[in-house]
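Look at the two complexes coming up: chain A is in both, with chain B in one and chain C in the other.
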Partner chain A sequence: MSLAIKGRQVAERKLAIYLLALPIAFLLSVTVYPLLHTISLSVHDFRTGAFVGTQNFLRAFNDPALVASVRVTVIYVCVAVLSEAVLGLLAAVVINRSVSSPLLRGLIYSVMIVPMVTPSVAAGVIARLIYIPGYGILNYVLRAAGIISRDVLWLSTPSSAMFCVLSVDIWQWTPFVFLVLFAGLTAVPRDIVEAALVDGASGVELFRYVELPFLKNLLLMVVMFRFADTFRVFDHVMALTGGGPGSATEFLSVYLYRIAFKFWNLNYAAAIAIFVVIVASILMYFLGKVLTSEVA
Partner chain B sequence: MLGSRAHHAIWRHIVQVLIIAGLLGYMFPFFWMVSTSLKPKSEFYTYPPSLLPGHPSFGAFSSVLIGRGYITLLGNSIVICLSAVIFILALSLLIAYPLTRLSLPARVKTGILQWILSLRFLPPIVVVVPIFAIIRTAGLYDRPVSLIFLYSAFGLPFAVWMVKGFLQEVPKELEEAAWVDGASRSYAFFRILLPLLAPGILATAVISFALSWSEFLFALILTATPRAQTFPVGVWGLVTQFQIIWNEMAAVGVISVIVPVCLLLFGRRYVLSALTFGVIREKS
Partner chain C sequence: MRRGFRIIVFAMVTLVLIFSVWVNAASPPKPKELSIAAVSGVEVRGLKAIAPIWEKETGIKLKIIEYPYASLYEKIVTAFQANVSTFDLIMLDDPWMPKFCSSGWLVPLDKEFGYTKDPDIFQVVYDLGSWPPPRGPVPPGEKGKPRHLYGITLVGNVEIFMYRKDLVPEPKTWAEVLANGKKIHNASKPLYGFVIRGAKGNPVISEFTPILMAFGGRIFDDNWKVVLNSPESIAALKFFAEDLKAISQPGCDAYDAGERAQEVAAGRGAQAEVWPAEVTDIVENPEVSKVVGKMAYTVVPAGPTGVRAPLMGNWLLAIPKASANKHWAYEFITWATSARIQKIYAENGGIPFRRSILMDPELNKKYPLFQAMARSLEAPAQWRPRTQDWFAAEAILGTYVNGTLAGQYKPEEAIAKAAAEIQKYMEEAGYYK
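This part shows the complex of A and B:
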């Protein structure tokens, strides 16, 4: 390597360090520093401020409300992610096969992007206008169709409240799964599809052996994104049920919010936060593996 | 053969009609919200609820924006989000440029990128407690500046990955040609690279704005009065009231959806491409 090139490389490295220093310090100060602060909070008592070691964590393991919260969070994440993945995949495959007009495709893109940019709090408002007894249109439609005879209190029965909260997530985010996979399908080479059809492949076989292998990595990626985002669900729950009735929709974020900002036990909340971070990190680790093989 | 083709064509038409019906159904909740926002109060006590307002009026919008003073929250949201977008763009260029244009060890590059991506998966609720404590001691509670700071940080990971993707698409040779002609690195960056990046930067700005615009958790915890409260906090405030006024609630919902949708009119293609990790590369 000649000296000139080496000199340029050193200069470039220096410049890179100057440019990166400020934004990285900024990111560290807003994410890593608070995380360290959380760890320190979690090992202290919230009244006396004395060091208590693992006491807050032991309390967390014996907290029935936390167990209940983990339970509903798991149900929420599984049902939401699974429904979004299946519905999004199904819609992408069916629509890709049956719609070829660019106009209609463009319309689908435009319509499907709207729920994604809707603030979740607003999505909660929309759901309220549909589920609420009295004005809500769902009860009216079901009554008119003869399916129910009396108004259902959608938001104040535990199981239906869970359904309502889930429905908002699925309505808002299935388009995300759909858009990614729909776009991914356009990358499937036309001649492979035609060769399969000439060989007499059925629609299901075409999906199983041609389309699905093409979509596998993308599907994995969107599922990971949805996993991470459903795990932190907060906004539309606050607007729709506030965690109730009882603790039927008190997901981890909502529970943590209540412990920290209603009971003001910041130290116990910090211990729960550490628990959430650990679970989130495990998810992150797997995502990192998928993405490095996909993007880099 | 002909029979099967005709059969196929009919089938396609049926599916297309079903898809359009499905799209309309998907949009129904929005329609219902808009319709509700235009209904005067008297129309909420009729049964069955009417699909369209009998006497449409913008009364709910003016009573919520002026009467309840939500126009202040709207202003706060716009100021906070625009400021955050400016910071996000500047910082993401500062990170993405060295990672794509300067010679750094590959391990350092992927390491930084992966770390930044991992922040995208950090649930904000786990850092909200210490951030609340820090903001309080710094005397920044209930101040827009603390939200600008946080939105810039939490919007950054996504923006870095987007900008990085757009930067990689611009051939390095364009800048190198300028250097050969005697241009400085900064001249090449501002006069050659940045104009080429403009559409990508615009898409990044739109998405960063939409993400900050939707943010609720930090705004809920770090603000208390209209001095710093953002619009989503106002939306939530109406929902949790004891007596809910339907048309006002729908009106704030409409406003909070209209703003990001209007922004999408700019560069829909790039926004789509970015929201779907660059999978969508359609020319439209």
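This part shows the complex of A and C:
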């Protein structure tokens, strides 16, 4: 290799380093710095700024309100992710088998995108107009149909309020699961499906032995996405219930908001945030392991 | 004689000219514009109406920078902490005063500009704009500091009471509210005796505080000791979450202000507490209301103690220490809060605060709530406890009062738990050292 070529390679490598330096510095400033700052906040006192070590973390373990918010968050995440995965999968399989017209399929795609592009706050406000007693649409429809004789207080009991916030999430994000799985189903080779049908496979068998193996990777991905997303649910809950009644829908993010922006205890909020990141990471790890072994 | 007279006239004219030149030299030059951070929504409507008049009269453009409530606080605090002159003026919610004043972020209007009190402005308005507060508990570290005036009200928000004058007589006490409500309450019609704003947090606390105080309950004593857990507070919560709830709309624990006003405007509610903007925008708005002309307005009723405790929610004008145009910002404050401009402000949908404007017979024909606002400010109206930690106390109590309305807690349990949590919070915040 001539010296000239070597020199050019060194220069190119240097240029590459220079070009990468700015984006890396930017990425570090928006990821690593906030993380370090959060860790620093979590080990200091919120009034005096004095170093308090693990005090904020120990407080988190003895905080009954935090425990209650973890409990409702776990319920929310499990029900939302499971419902969205099952409904999305069901819709994808049914529509894939029963709708063959490209025009109709395009139309379904377009309709399914609407909930996903609706801002969460707007979805919460719409849901409030549906569930609010007095002039909520749902009670009006149920009364008109003769199903109820007096208003159901959807937002006034812990279980019904939980149902209301869950319904918004399921309405908004089942289409995401559907769209991803529907795209996956269209990639299943037609000849394999036809061979299975010729061999006399039933609908369930076709799904179990042909379609599902093709969808497993995608299913794993959407479940991971939805898990991460539902864990930080906030916007539509604030618009719909504000965390009430009492603390019935005060999920972790809502509780964090209260600690950070009502109590202005950013240090304790930072400790809770780190605790949440650790718990979520552990759960994601195990979830990933379970689902990966299923795929394998 | 004539010569002497000429000399005197000449001397006086000379003096006037010298004085006017000196005054002009003393006034800072006019800026091209004044920037004001304001909250978006109905509170800024009056300000927008008077801005063109200010521009015409002074040649200084008023740049109104609007933010939603939560963002406004964040933007102002960020600007203050950075000590940058982002805003020449700010519009601030009165519960923010403790934080802003104890941090030394605002210019004292009396000390810096020699502001003198105007008898047409209610004393409670001056008290609200002063720091440290002239009555009630003072936060640790603020005691003994010289008191100054830091803000003047622009939006005279105060909670009043409304009732259907075609259905019930004016209630002077909460017992009369209940009696009125029981007579006409008919859930199947539906016509509710009272409409509760019971949503979690600030909404339910704004609703409950006038009742709590009217029954003799308090959250803090004058040394910040939590005295909430008292027979008076429990009686107030029982009255609110049991007696009043029994004559209220179903699911009241989910209702916020707009929804409460809608119930009344739809002819389904006979009595309610209300904020001025709900009246002007919904209840007395012929486009959305069925009860225009049927409502009357008064001071919130008294409790067993005989005390009427309307709650204030004023928006004040203040000048940041980092403002680059303090002189003209002050000129704007005195101009905007003058009787002449407040009348124009009120005629254009602003919520005024001056006695003469609120009692103006002509304005009262159009805005029948004004005289009730004047009487409420005179009562005097009550402010939220003057501490930057009020929002935490409100969030705690607001969760338990909402939970009691929803049937999750008994009143005794809710008051005891809320008091214990607030006490713990205040301890951690260093109030009892």
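Operating definition for what follows: the second predicted complex is superposed on the first by the 266 of 296 C-alpha atoms of A that agree within 3 Å, B and C clash if a C-alpha of one lies under 4 Å from a C-alpha of the other, contacts with A are read in each partner's own complex, and residues count from 1 in each chain.
In this section, a contact is a pair of C-beta atoms (placed from the backbone, for glycine too) under 8 Å apart; a residue touches a chain by one contact, two chains touch by 3 or more.
What you see is a predicted model, and the numbers here were worked out from it, not measured in a lab.
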Clash or fit, chain B versus chain C on superposed chain A: clash
Touched partner set for A:209, first chain B, second chain C, both or neither: neither
Chain B versus chain C as contact partner of A:61, first or second or both or neither: neither
First (chain B), second (chain C), both or neither touched by A:260: first
Which superposed partner A:51 touches (first chain B, second chain C, both, neither): neither
First, second, both or neither for A:242, with chain B first and chain C second: both
Touching partner for A:270 - first (chain B), second (chain C), both, neither: first
Touching partner for A:135 - first (chain B), second (chain C), both, neither: both
Comparing the two partners chain B and chain C, which touches a greater set of residues in chain A: B
Which of chain B and chain C A:158 touches, first, second, both or neither: second
Interface residues of chain A shared between complexes with chain B and chain C: 132, 135, 242, 261
Residue ranges of chain C touching chain A (in the complex, touch as defined): 70, 199-201, 249-251, 253-255, 259, 262-263, 266, 268, 388-389, 391-392, 394-395, 399-400, 402-403, 405-409, 425, 428-430
Complex interface listing, chain B residues touching chain A: 11-12, 15-16, 19-20, 23, 26-27, 29-30, 32-33, 36, 44, 47-49, 91-92, 94-95, 97-98, 102-104, 110, 112, 114, 116-134, 149-150, 152-154, 156, 185, 210, 213-214, 216-217, 220-221, 232, 235-236, 239-240, 244, 246, 249-250, 252-253, 256-257, 260-261, 264, 268, 271-272, 275-277, 279-282, 284
Touching residues on chain A, where the partner in the complex is chain B: 9, 12-13, 15-16, 19-20, 22-24, 26-27, 30-31, 33-35, 37-38, 41, 94-95, 98-99, 102, 104, 106-122, 124-130, 132, 135, 137, 140, 144, 171, 176, 179-180, 183-184, 186-187, 218, 221, 228, 231-232, 234-235, 238-239, 242, 252-253, 256-257, 260-261, 266, 269-270, 273-274, 276-277, 280, 283-284, 287-288, 291-292, 295-296
Chain A residues within the chain C interface of the complex: 47, 132-135, 150-151, 153-158, 241-248, 250, 258, 261-264
